[in-house]
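Heads up, the thing below is written out as structure tokens.
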Amino acid sequence: MSLEELYREVILDHYRNPRHRKPLDRADAHAEGVNPLCGDEVTVELTVADGTITDVAAIGQGCSISQSSASMMTDAVLGKRIEEVRELIHRFKAMMDIDREVDLGLDPERPGAVLGDLEALQGVRRYPVRIKCANLPWTTLQEALDQLSDS
Amino acid sequence: MTGLEHLRADFPVLRREIGGKPVHFLDSAASSQKPVSVLEAMDEFYRCCYANVHRGAYTLSVESTDRYEAARTRVASFINAPDPDQVVFVRGATSALNLIAHGWGGTHLRAGDRILLTEMEHHANLVPWQMVAARTGARLDFIPLTPEYRLDLEVFEDKLDDDVAVVGVTGMSNVLGTIPPIPRIAEAAKGVGALVVVDGAQLVPHQPVDVQSLGADFLVFSAHKMLGPTGIGALWGRPERLEEMEPYEGGGEMIADVQLHSSTWAAIPHRFEAGTPPIVEAVGFAAAIDYLEKVGMDQIAAHDADLTGYALDRLAQVPQLSVYGPAGVEGRGGVISFTLADVHPHDLATILDQHGVSVRAGHHCAKPLMRHLCVPATARASFYLYNTRADVDALVAALGTASDLFGVG
Amino acid sequence: MTGLEHLRADFPVLRREIGGKPVHFLDSAASSQKPVSVLEAMDEFYRCCYANVHRGAYTLSVESTDRYEAARTRVASFINAPDPDQVVFVRGATSALNLIAHGWGGTHLRAGDRILLTEMEHHANLVPWQMVAARTGARLDFIPLTPEYRLDLEVFEDKLDDDVAVVGVTGMSNVLGTIPPIPRIAEAAKGVGALVVVDGAQLVPHQPVDVQSLGADFLVFSAHKMLGPTGIGALWGRPERLEEMEPYEGGGEMIADVQLHSSTWAAIPHRFEAGTPPIVEAVGFAAAIDYLEKVGMDQIAAHDADLTGYALDRLAQVPQLSVYGPAGVEGRGGVISFTLADVHPHDLATILDQHGVSVRAGHHCAKPLMRHLCVPATARASFYLYNTRADVDALVAALGTASDLFGVG
Amino acid sequence: MSLEELYREVILDHYRNPRHRKPLDRADAHAEGVNPLCGDEVTVELTVADGTITDVAAIGQGCSISQSSASMMTDAVLGKRIEEVRELIHRFKAMMDIDREVDLGLDPERPGAVLGDLEALQGVRRYPVRIKCANLPWTTLQEALDQLSDS
């Protein structure tokens, strides 16, 4: 597998032009994630109304994989219901699980099934040490969601 | 006879001759020999894919990290720990006990607290507690032995009260062979909220151990006594106890963030593994566990018991020989301490060595126990899976020469 | 070109291919590869004469002890220590620095004392001092860097006053390659009576070091960065400083006498070597030093300088590449940290790895330095005696691909 | 070399019947030696008059080598002048030094040259790990002498 498949255009685009990178004025949840081994950092902020993500921000620094993953994630979750987002997290992590033969679940009938741009990160599966990078924003998002349900 | 003799071929040292006689290695309690599979695992790893762990995004470092973490999983499964992250790699049992004494005891012990140990602890499970007692004002107290060389559990239960903050006990005495009933001790200790620390340096190599039924909070052991390399050991801890423990060493790998004036710690277990760990030793440790499990820990325990019983019988026939340890093989491991008349153990060891018989002589890092036994030293023979009755016979024959030389009997 | 290429055959890992390309191992600053002679020394030792040390009167144990102590003598002679007993075997540089910080600092530092470190210390020479500062009330202070990435010695001399109790400095930065003038620093520090601790983890493997002219009180280093095994390192100390240091770990081997409630310590160095030491690792360490000395430390330093100069020249031609470290090879070792445009070092490492080029990416356990450099991470290439200009060429070529992929330049 | 040469009669005799084992009522010097590895202990006491050892005791516990060495030592030094004793220590340690080809110095003309019974300990040279045992009383004696010269 070639490096071109890892570093797809869309990844570099999200890396260089991250979406939703501005801190929210008012956030209902705020979680910080760090990968101590490589130093990558992602902060996730959410506002929620009626069980739906109405605004999101991901601010961080790190490699193209963690930062593009964060950026794509914001695109993917904005406007989704929390259950859908949880399902999305689950699917994304499944996609990154090298021990699993994944059904990428691209069935557009299922809520949260469409990974969209995120599929570009599939190439990361071949670079096990980078999987943590791709997962970091998602783990942080999960923490943010857990805060919502705690409160 | 338990039919493990074919294993001897896996241990190159056992082909050695000493003074023209085949070696009879009876000092596994100090450190065991290593099978070829362990040596090859380490050698091959250095040759194929060595690099430092955790810090690299390149292939060799990833492979190295994977092998290192796989070793952690292997150690965890060996003691039936539910999660590999409950296993901390350390330099050995001694380091692990220091980490517990200083890292947990140093922050949790208060003046007036009592640390309850046994009179048969190895210095490794005594001196660190003395050090932390001196620092915190906690006091040491000891569970005595019965005349049968077992822990006096009645006195233990008498001594147990709310002031007891730590109960530290060996899983198997490296001098007497005594195996205390850990689950029972742990349960009583839990009753007063004490931390239960089990020194498994002798137990874990010789018996199946399941941390989920042992009852301990911490269990420590060294690879080099269980067919593995020097330079590594393991500390298992209950997650909530590991959380309570402060790191003992600072450095790379163990931090989440470092500012100039302060730092935050990484997650467990890395928090307790400052600096470059014994990477290749972990690979060797895992290979040693593979070997042990292939033979079977129950088999090994049975083999030890068989040899110990045979040796106790044969030694009982040697005139003026005294054995220090429980009679019979019940609740006792394959470690036999003895003296022969007025022949000093050091002289005994020299004489036996001339017959190829390797035994240890000295205080076995258990000076308080020696005082209790009223001997300055003992000779000690200890068994492992590669020993045979022929080794015991060679020991008994060599003791005959010693008796002749010293005019005993 | 310094003609060490024939040595490559001694390092089996270098025959590895990664992704179909020969490996270009450029991460020796994290850990070096090992020559066959080191692996064979350890393997042979385990096969012929392994036993625990110091405690046995039998042949195997005597042989083992002799080899272990001979390794100490070997390490001592390598750094020109006048007496092997000035060398303590430890798990590695990190352990050694913890022993000094806790064992010396813990008993000698008072509230108000200052511990003067540098802004480029590895976490190993920072976090232990933070820990002991928190315990004793001493404060940390830092010698800054000049814009040329050297220690600012003027500020250092300004900061030196009678409150400075410890000066801790790296012999060579593992990020910048900077080699501070230790004798000059040590002399100034001695002037105010400060303890001088030199972290030799990077220096000792790469340059001839003579403790009799270095001026330090303590020097630490790890075997695994100098062709030796994991699991062992050395602490050298001036005898009077070693005497002042309290043992950090308690256990077997390190005691003179143990009573139930107190103990007295053994002589130095054993006082600092609790428990079963890394015996076979010591034998490997000695074999590594044999290898280094056969090549010649001056030769190795010259080889490093040659490669570093060549690499600095070639990297200067890569568009948008920044090097963090002194210009030129004067007072600088074979460690080159760099970034390429906005390509994250972690991405760089992955891309280079696909070309067989192993470099490290990250904070290199020097987070405060990263903050000072205003980068979250760098990529780092580092050289040792087995590297060649071809490795540098491969690095530069792979950087070209990275530039293409990321559209740099 | 056979074990019989190590464990000569005279050694076992001194081990079983140690000479000068009673603490002195009044000692001018007192030194304690211990071999931490094997636990052997020897205490040496001296009384001195006019530069001559007028009384001596060696009390200890340990193996036959250390204890017989101590006992023979007391026989050898009693009544000797301090310089002679120092010479004797030197000769004894030379005999135990495996790296040296020793001239055992049995020339009876030289003061302190005759090692007498002590020669029986020659066999120890072949058992390097036991040399420390043989030397322990002598090192302790040396310390006792050093105390005398300090005061």
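Order of writing sets the labels: A, B, C and D. Residues in every chain begin at 1.
By our rule, contacts are C-beta pairs under 8 Å (C-beta built on N, C-alpha and C of every residue); 3 or more make two chains touch, one makes a residue touch a chain.
Given the structure is predicted, the values throughout are model-derived calculations rather than measurements.
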Relative to subunit C, chain with the most remote C-alpha centre: D
Contact-richer chain pair (by C-beta pairs counted) among C-D and A-C: A-C
Distance from the mean Cα position of subunit D to that of subunit C, given in whole angstrom: 47
Between subunit B and subunit D, centroid-to-centroid distance (C-alpha), Å: 39
For subunit A paired with subunit D, centre-to-centre distance based on mean C-alpha positions, whole Å: 80
Subunit C, residues touching no fewer than two other chains: 55, 57, 255, 257, 346, 350, 361-362, 367
Residue numbers of subunit D (touch at least two other chains): 37-38, 129-130
Subunit C-facing residues of subunit A, complex: 3-4, 6-7, 12, 16, 37-41, 61-65, 67, 127, 129-130, 133
Contacting residues of subunit B [partner subunit D, same complex]: 342-347, 350-351, 354, 361-363, 367, 370, 376-377, 401, 405-407
Residue ranges of subunit B in contact with subunit A within the complex: 54-57, 61-62, 65-66, 255-257, 266-267, 270
Complex contact set, residues of subunit C against subunit B: 12-13, 16, 18-19, 23, 25, 27, 30-31, 33-34, 39, 42-43, 46-52, 55-61, 91-95, 97-98, 101, 119, 122-124, 126-128, 130-131, 140, 142, 222, 224, 229-232, 248-255, 257-263, 274-281, 346, 349-350, 352-353, 357-362, 364-365, 367-368
Partner subunit C, residues of subunit D touching it in the complex: 34, 36-38, 128-130
